[in-house]
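Can you read through this structure? Questions will come right after.
Per-chain numbering from 1; labels A, B and C assigned in written order.
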Amino acid sequence: MTSLADGLTCAAPVAATTHVQLGHGSGGRMSASLIGERFVRAFDNAALAALGDGSIVATGLETLVVSTDSFVVTPIEFPGGDIGSLAVHGTLNDVAMMGARPVCLTAGFVLEEGLPLDVLDRVIASMARAAREAGVPIVAGDTKVVERGKADGLYVNTTGIGVADPRLRPGPARARAGDAVIVSGAIGRHGMAIMSAREGLEFESTITSDSACLVPVVEALKRSGAAVHVLRDPTRGGVASALNEIAAASGVAIELDETALPVPENVRAACEMLGLDPLYVANEGILVAIVPAADAATVLDVLRNHPLGAGAAHIGRVRPEPAATVFVRTALGGTRIVDLLPGDQLPRIC
Amino acid sequence: MCLGIPGRIVEVRDDAGLAQGTVDFGGVRRDVCLQYVAGEVAVGDYVIVHVGFAISKVDEAEAKRTFEVLREMSRLDELEWMADAIDPAFRDPGAAATGAKA
Amino acid sequence: MRYLSEYRDPAIARGLIDRIRRTATRPWTLMEVCGGQTHTIVRQGLDELLAGAVEMIHGPGCPVCVTPLEQIDKALAIAARPEVIFTSFGDMLRVPGSDCDLQQVRARGGAVRVVYSPLDALALAQRNPHREVVFFAVGFETTAPANAMAVWRAAELGVKNFSVLVSHVTVPPAITAIMEAPDNRVQGFLAAGHVCAVMGWTEYEPIAARYRVPIVVTGFEPTDILEGMLMTVEQLESGRHEVENQYVRSVRREGTVPARARVEAVFELADRKWRGIGEIPMSGLRLREEFAAFDAERRFDVGNIAVNEPVACRAGEVLTGKLRPPQCAAFGTLCTPDHPLGALMVSSEGACAAYYHLARHRMGTPQEVTA
């Protein structure tokens, strides 16, 4: 295999990518670049360009918040949930992270030829239950079938429409120096639950996905009257990626205390075994809230009084600089940067 | 080269002539090949696991002994520091008499 | 976690740091060989906390980083073949070859899978009898017993569709090469704890004696590394040059004998090229002739591999401790984790990646950092 660069002395980087790679879906730098340089640029509108969890659309009457997400998780059913409940919770959460109240959902399906119908039935039942518990109907949908091998069992897309709430208008660019960084519960559960079922990496554990609808938690925050600058659900790429995006959007630094991070023992053990950092592992049932320091106690109180927020913790603070940087203060007193990864975090031998 | 973590053997079995076992790492369990430590381990022992293989047995007695030494050393250091900070005479009785700092 | 968390105790760590500072009457330069140790040092900021007393030079103990470009290119060529399922440890997936990496091969249609253990790759072969399963057997002596077992089992069970692409290197020749280099500054070594868990430490005794350099077998947690550093500094301060063992809970002088025996039975020593460094005689492992049937290099004719190493990549100098990553002109500019010039910026254990991800804000710009 000879290289196109033969004969050249300029040390150009390794060949530009010509095909979609898995890293493009990781939530890290490759994802950000794909989204920014291709989709956002082409679709070209301010609502999209803000890159919030949902987009704000003024209609002249209500201000709507719209969010859409596609779900391609394998395996389809995993400890603590399935692609269906994930699809409902995930989109409801994105709408809620904008401070909006979700009013309806749509659901689109791409089914692979050969998918057992009893699996589909379980997924549908799970979605129906999740939607019913949240009080948000699935009002429109679509189904397509593709040939065997063209979809991993099934893919689901859900779109959520919500009504903006003047009481809560968080945004990724609103973090300010001095703010407190709070997380509503234990980190790393969803990603490690998935990993425990992945072929080639399987392990037994009691780790279950934390997939849950956070709408009631956000409603409780609204009622408390606490000022909330940023809300985000740290899904793919984990808490680290979410905080990096916020730090960049707000032009601030975020400092975390290693000893304050709520990592369950079983998640920690699984991460040790595979050489992974819990800060980069996906979550589906927690939120990150960045609030003025004066409101931190109130917010922690509200969260801890809700079953989904029992493990809420104050994990760090916003500093003015270095801008767009997230770092951790270690138990030993040293510091280390928590960078945005290029692609997926990979299990390692070293 | 390096990522080896300690885990406790909870089950041993024979897999077509290969010594295998289930090892518990703080609540997470995985199948591990125990062939290389087969003669010297039993359920309840700790092993160092690297890429699904037990590469050595943890010497718990040695671990305990050396950790105690380490902890004692750290406590002594702390005591010394505290002593220096509180009362120079504690270290050097002569210092109190002359008023010199330790 | 038992036998892990205790060795992260901040009070003990601070005590050790203090002791090192009080013991060292002058600055000492040590090398930790293993990438996993580099990771802990940079991640915990140990080098920052010991500045002035101990300088750590990061050694070539990253098997991913030192895998020769030719082997990476061979892996890419094999992985691209339609009949092959190419399996590998996660670390290897983004290591750049001359033209692309395994992730890009996957994007273009190749079947590339991450596995945790070589036995998982063998099981995959047994489950997919109509495909050729190839395992990228990379590593130092720690991983050799696992890779040896996979080949041994394949032979024992008669699995015909399984083969390995071998890229194994051994540590002692690398230490010798470093001590032989005319501009060597290393005064003491922290030997790789898990390599020694397998191999024991007898191979290091002649090296310590010949080059009059202390070598301390060291673990991977913060207090292990600090204790190892303290033991090395104590030796240097008292003019000793012995092999000592810090990692007593996991390492014995003779290592794990059955593991060594299996490695001996399946592999033999060979000359080996180290990416960025060059050839070090008898520093690699290759399959013995009786296991030739499982050698992927023989099974798949990948033709002539002409490699193209980027000119600006100074991995060799970083690997032998002559250059600190931020001192490389390409660091953070031409070479970042998004578009790495060499393996050191990709592998989580590569010194360049460690610095980039974890310590960039401490290092200043490349021009500001002194040797």
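One rule holds for everything that comes next: a contact is a pair of C-beta atoms (placed from the backbone, for glycine too) under 8 Å apart; a residue touches a chain by one contact, two chains touch by 3 or more.
As the structure is a prediction and not an experimental result, all values here were calculated from the model.
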Chain whose averaged C-alpha position falls nearest the assembly-wide average: C
Chain of greatest Cα-centre distance to chain B: A
Between the pairs A-B and B-C, the one where more C-beta pairs touch: B-C
Length of the line joining the C-alpha centres of chain A and chain C, rounded to whole Å: 33
Centre distance in Å when chain A and chain B are each reduced to the mean of their C-alpha atoms: 37
Rounded Å distance, chain B centre to chain C centre (Cα mean): 23
Multi-partner residues of chain C (each touching 2 or more other chains): 1, 4, 14, 34-36, 62-63, 89, 116, 120, 139, 143, 349
Shared interface positions of chain B, touching two or more other chains: 1-3, 5, 25-26, 50-51
Sequence positions of chain A contacting 2 or more other chains: 265, 268-269, 272, 275, 348-350
List of chain A residues in touch with chain C within their complex: 1-6, 9-15, 17-23, 29-30, 199-201, 265, 268-269, 272, 274-275, 322, 325, 327, 330-337, 339, 341-343, 346-350
Touching residues on chain A, where the partner in the complex is chain B: 196, 202-207, 265-266, 268-270, 272-273, 275, 348-350
Residues on chain C engaged by chain B in the complex (per definition of touch): 1-4, 6, 9, 11-12, 14-16, 18-19, 34-37, 61-63, 89, 116-120, 139-143, 145-146, 149, 153, 156-157, 192-195, 197-198, 220, 223, 227, 248-252, 255-256, 258-259, 262, 349
In the complex with chain A, residue positions of chain B that touch it: 1-3, 5, 22, 25-30, 49-51
Residues of chain C that touch chain A when the two form their complex: 1, 4, 8, 10, 13-14, 34-36, 39, 42-46, 48-49, 62-64, 73, 76-77, 87, 89-91, 93-94, 96-101, 103-104, 106-108, 113-116, 120, 124, 138-139, 143, 222, 305-306, 308, 310-313, 330, 334-335, 337-341, 347-349, 356-362
